[in-house]
Amino acid sequence: MNRASYTAARLLQIVPTFILIGIVVFVLVRILPGGPVAALLGDKASDEAIERITRQLGLDAPILVQFWRFLETIARGDLGDSIAYHVAVVRLIAERLPVTLLLTGMATIFAIALAVPLAFVAAVTQNRWPDLAIRGAFQVGLSSPIFYVGLILLTVFAGAMHIFPVGGYGETPGEHLYHLFLPALALALSFSAVIMRSLRASVIEVLSAEFVDFARAKGLRRRIVLGRHVLRNALISTVALIGLQIGDLLGGAVITESVFAVPGVGRLMVDSIFARDYPVIQGLTLALAVLVSLVFLATDLVQMALDPRVAK
Amino acid sequence: MTPAPILTISGLSVSFATPHGIVRAVDGLDLAIGAGEVLGLVGESGSGKSVTLRAVLRLLRRNAAITGRIDWRGQELLTAPERRLRDVRGGEIAMIFQEPMTALNPVLSIGLQIEETLAAHTDLGAAGRRRRAIELLSRVGIASAAARLDDYPHQFSGGMRQRVMIAIALAGAPKLLLADEPTTALDVTIQDQILKLLRELAGDLGMAMVLVTHDLGIVAETCDRVAVMYAGRICEAGPVASVFAAPRHAYTLALLRSVPSGGPARQPLDPIPGQPPRADRPIVGCPFAPRCGFATGACRTTRPPLEAVTPDRVAACFEAARLPAWREAA
Amino acid sequence: MTAIALSHVRAWRIPAPLLAGVLILCGMLVAALVPGAIAPYDPIAFDYAALLQPPSLAHPFGTDNFGRDVLSRTIFATGVDLQIAFFATIAPLVVGTLVGLFIGFYGGLADAIFAQVVNLVMTFPFLVIVIAIVAVLGPGLENMYVAVSIVGWVFYARLTRAEVHVQRQSDYVAAARVLGYARSRILFRHILPNTLRPILVFWMTDMSLKILLGSSLGYLGLGAQPPTAEWGVLIADGKAYFPAGWWMAVFPGGVIVLCGIGFSLTGDGLADLLDVKR
Amino acid sequence: MGSLHARLLAGVGMFVGLALASAGAEAATRGGTLIYARYADSLFLDPVLNDANVDIWILTNLYDTLLAPTSDGQGVSPSLATKWDVATDGKTVTLTLRSGVKFSDGSPLTPQDVKWSLDRARDPKAGAWNFTLAAVDTIETGPDTVVLKLKHADPTLLPALATFNAAILPQKQFEASSGSSMEEKAKAFAEHPIGTGPFAFVSWKRGEVMKLKRNDYYWKMGEDGKPLPYLDALEFPVIPDDSTRLLKLKAGEIDGTEFVPYARVKDLQADPSLRMELWPSTRVRYLTLYVGDKYKDGSPNPISNPKVRQALNYAINKDAVIQITTLNLGKPMRSYMSSSTPLFSGAAPLYPYDPAKAKALLAEAGFANGFSFSCLSLSGNGDDANDLTAAQQMWAQIGVKLKIEQVDNPTRTAKYRAEDFQCRTSAWTDDIADPSEITSYFAYYPNIHSLHSGFDDKRIDELFEKSQEENDKTARTAEYKEIQDRYNSAAPIVYLYETPYPVAFRKNAKGFVQIPLGNNLFESAYIEK
């Protein structure tokens, strides 16, 4: 199967997953105790006001009717309006999703940039002090709660040293990168530890492969042996792992975005759950599902590019 | 008379530090290879054949401790700087491995894997390297070579892969080819083709070759000289015909008796009793003594030196004189 | 299981990192089992005379805004966190491994359904599901266990299934089949023990990750309920007093890291010892 | 210091008072952008259909009301209306509109806009707050006047006209907004709201930042004789995390921020580049008790006995709680309403700490061995956790076991509305400069069953109803005194403390005012160069 038809087939496979996710999240939000209207109007609202707005929002209709309307809005390519913010969910997502994409993208790049060279050093110095030092340092990153890391990064690099701004997102693309540096770093630390561990193990395994000896026997420079022969093979399993981590990365983004005041979808999701903003939760879940599926697909394609044996 | 040696190994010892102690793989090995000569290196698995070959190019793991001397055309390889060693590897001494599926990088096209050797050892440009790669592939018998340059190892059959590896080894125009059991993983019919190819290439290119194998039949068919290894040492070395006809080491004799040989005059098989010595304990005397029917007291207490028994043969056996002749070599 | 594990131990020498990891975890276990014997103070007793005291000889980790001894609270929290590590992973471990075994061994329709479930769970951001489930069931550790278990088993099942697929091809299973052993016997006596090794190693990592998850939920106010001390909650509480009252957050944070290192060293050590490629 | 500031202002009154707020020694500087970080974003900028504090507290900067609360929160002062007349029977109110007022788009304010806005605000089908104007029967307009005809005298009407939902909007622009229904039009209009307030809307990225610029048509004059506001622009970034907000302030990336955690107040006071302001508020924190005879599951409720409730109150060491939660910034409650609320009559702190008395009361009520109950608290809320952890410890001394149940806000609200709770954490802030709002929620059973506690005192209901139509100030004061006394001794709540609004600014950012009702006023704010 060629790459294009593989891609198409994979995208088709995603459809039932989306339908399932749609149903699960639709039901899930409705079994949450307390509804959006009471959450929105707060303690002071009268019962009449709550009833009236519930009716306006169509939340008094039977659940199947509500589900049907939900499907209708999705079929229109719409996701309904936010109950709390009174604007289209699509617009909220369009404002917020790029922020999270940039944050997680930067975090991934940082994580890879940190993990790949150090995993190599650790692997080739296996069980000697550089290896132990690198593993120890990454273990600290892996074992630290992300909000704790964020707080310390903020206090030191933004609060005390004024090297970076204290959170926020800025206005221009350059400012975005500058503002997201620390949050991306906080998010990258545990992620890079995961990559480092996996890559170190793969490199150690690949280093003992015969083709590495053969490459050395050919008289190739060490740089070429490691860069061309070892890295590429070791990356195959690590790429899959990086893809699978997208879920954890988005989970981490929830906390990071709160600590660093980054206006992304992670925070929007938590806020919406706490506000019982059904349309936003539903729309956002589907949007994130699309995102995650695309990331999985992209990792598959990268793996195909890296490994000619995966002839799917 | 043997031609002047291009590679002389003397007193080579290799041991590995493992979690379970020090393991000795090669134990004071002496060996010489003449220019253009095809030498068969035989011995049971674990006797140190592959380790010896890898030691020549310093391809052993970090936990290996190597002592001795390896003299390559007047140059000491064990102490040579990395940069010099790179020129030797692939350019002067090439090596091929037993299992081409694992020795070829699965994710790189074979074209690239040939061209990178060319890039390391020749001044050819990109187009020149590609042309040369096609020539090499054709030379080792791969049909429509140009079309297959961009293929990956998994797209070739076992025999074809071994041909690819040979082509890669030839790319640097080496003076010596170290072939580590190159046919073990192949079907018998393919084995013959590959061996023929190797023999032919060595002759055509004037290239010396060390052929590691445990198959005495292959040695008989392919090699000029043979060296027999046991427990990390050379027991005996000399021209194939004379060694096979009249072994001067008890182990050589036992080995010859234990393997089936093709041909009509089949003799009953006589497996060697006992086990090779443990590699993590020191060996006193001749390592083969515990399994040897000819062993005497001296064999158990004194290490027999490797000495010339005829002008072109060496052996390390106190009881060489008592050994019977075996049979006419093929 | 032990017999299998031991048969793969190459020698009776325990590597130093594993020893260090086991020692850290044993220390934690002691603190969890008999906190009262180690802690210098009652972890919930107020001391109005010593509110927000920085570290001193009397209070090595300082005191919090109620005048409670942070060291004692950290020690008493150990039990809660080890409980989290255990209870948040044990059901996924058992259920996931069993499901993975059956799916990997029998395949077919179950495998197809499982693939869909995996897609569903992997596509749904993990922390978000947990937050939603905890919101439905109410905060608290028990509900967190439920929430984590509802999704967590999938990861174990996935791992086991893949391992079973490898084992199924192996010679000894083929031999067992030729010998006419019952399928259940092949599954439990031959395949299960061999798949357990990677699972055990993953379990170690998972336990330390769950402690972190507990602390993230604590940060969002969905974790352990007061006055129960839990490391994550201690950090979250201390965060309000940071940086002036840094000791409230920094010491429990250090202990979380130490515990993570303990699990990781143990996991890596076990992996080396059991010769697991990973 | 902030409180002294505000108290000084209280005497000045009138609209110049707010301008003077920034007087101090030096004159206000014009120009610049002030960045004021908020802990949560606004939701909806329509004054009628919203009702969250995150909206209410900043709407004043976009919209004006006919009257404005005085800066001490005790009375009303002129705003869009310069003058008001209440007929002796209290049933007609005539307001004279300020001349020459323009909306931020330059269009003039007309009496018709006022009538239309108030009609919309009192429409029972519109917002949740229509009850504040329920007494209005009809509205008539003159060339520069608006006349409200009332169904009955209503002492709360003037404060109601100074409340956010009575803001005046431009009818034409509102009706020209897209959408077929009023709700849809309100949504569209609130995307780009137009009002007569000191600032005009520029842009809003939800959850990130709202930007306002000065309204060049604003009517109020600054102390330099030119129109307010001093600032060119105002930005409200949203930063939910307390530590992050304060770090940003310390780093100088923002000029000011609200809701400084009490734990950090001392730290900020010690920073020479900052100024900590503690504005007097109407904010009270307390625990609501369910006092009905039986719980929803049918089990008997020990707290239905007033003696038990009094015991619970006596057992709380308020000073300790104030020290632990507010680091001594709070003060004990003297009535259910804050001491800043008009007609407040508390004499001394209620239920001084007395564990012996608490034990005795419990024994009298038949609970000598104590009992256990549970309290809903807001997950992730530090004040809730601190208050309840302290209460848990203190009640344990008299044998009462408290179980703390952390839940999220919608869950707590749902259980509260269903009256399916035993105790919950609560906080209250007045929205109207009048005691009627808090009283109708806390003590008047017919409204919401007295905070859904089930507390039902017929005499209080009667007094409250009377006071709602009471034109005589002295009589109304007396009614409120009796209501407060009755309520406080019945103790359907656990009294904790009153707290100020803690806000912090960079040293050079001045002139901000937060009134006891919470409204954030930036019209006189400026940044010193």
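Order of writing sets the chain letters: A, B, C and D. Residues in each chain are counted from 1.
Rule of thumb we're sticking to: a residue touches a chain if its C-beta (ideal position, glycine included) is under 8 Å from a C-beta of that chain, and two chains touch if they have at least 3 such contacts.
Here the structure is a predicted model, which is why all the values come from computation and not from measurement.
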| item | value |
| --- | --- |
| Far-end chain from chain D, centres as C-alpha averages | B |
| Closest chain to the centre of mass proxy, which here is the mean CA position | A |
| Averaged-CA centre spacing for the pair chain D and chain B, given as whole angstrom | 91 |
| Interchain centroid distance [CA atoms averaged], chain B/chain C, Å | 52 |
| Mean-CA-position distance for chain D and chain C (Å) | 46 |
| Per-residue overlap in chain D, given as positions that touch at least 2 other chains | 243, 407-408, 411 |
| Residue numbers of chain C (touch at least two other chains) | 135, 138, 219-220, 239, 242 |
| Of chain C, residues touching chain A in the complex | 116, 119-120, 122-128, 131-133, 135-136, 138, 208, 212, 215-216, 219-220, 232, 235-236, 239, 242-243, 249, 253, 256-261, 264, 277-278 |
| Touching residues (chain side chain D, partner chain A) in the complex | 43-44, 51-52, 125, 127-128, 131, 183, 187, 190-191, 205-209, 237-241, 243-245, 247-248, 250-251, 253, 407-417, 426, 441, 447-448 |
| In the complex, chain D residues that touch chain C | 242-243, 261, 263-264, 266-267, 320, 323-324, 378-382, 385-386, 388-390, 392-393, 404-408, 411 |
| Chain B residues touching chain A - in the complex, by the definition given at the top | 54, 57, 59, 61, 82, 86-91, 94-95, 97, 99, 102-109, 116-117, 120-121, 152, 154, 165, 168, 172 |
| Contacting residues of chain C [partner chain D, same complex] | 44, 46, 48, 51, 65-66, 135, 138-140, 219-222, 225-227, 237, 239-242, 244-245 |
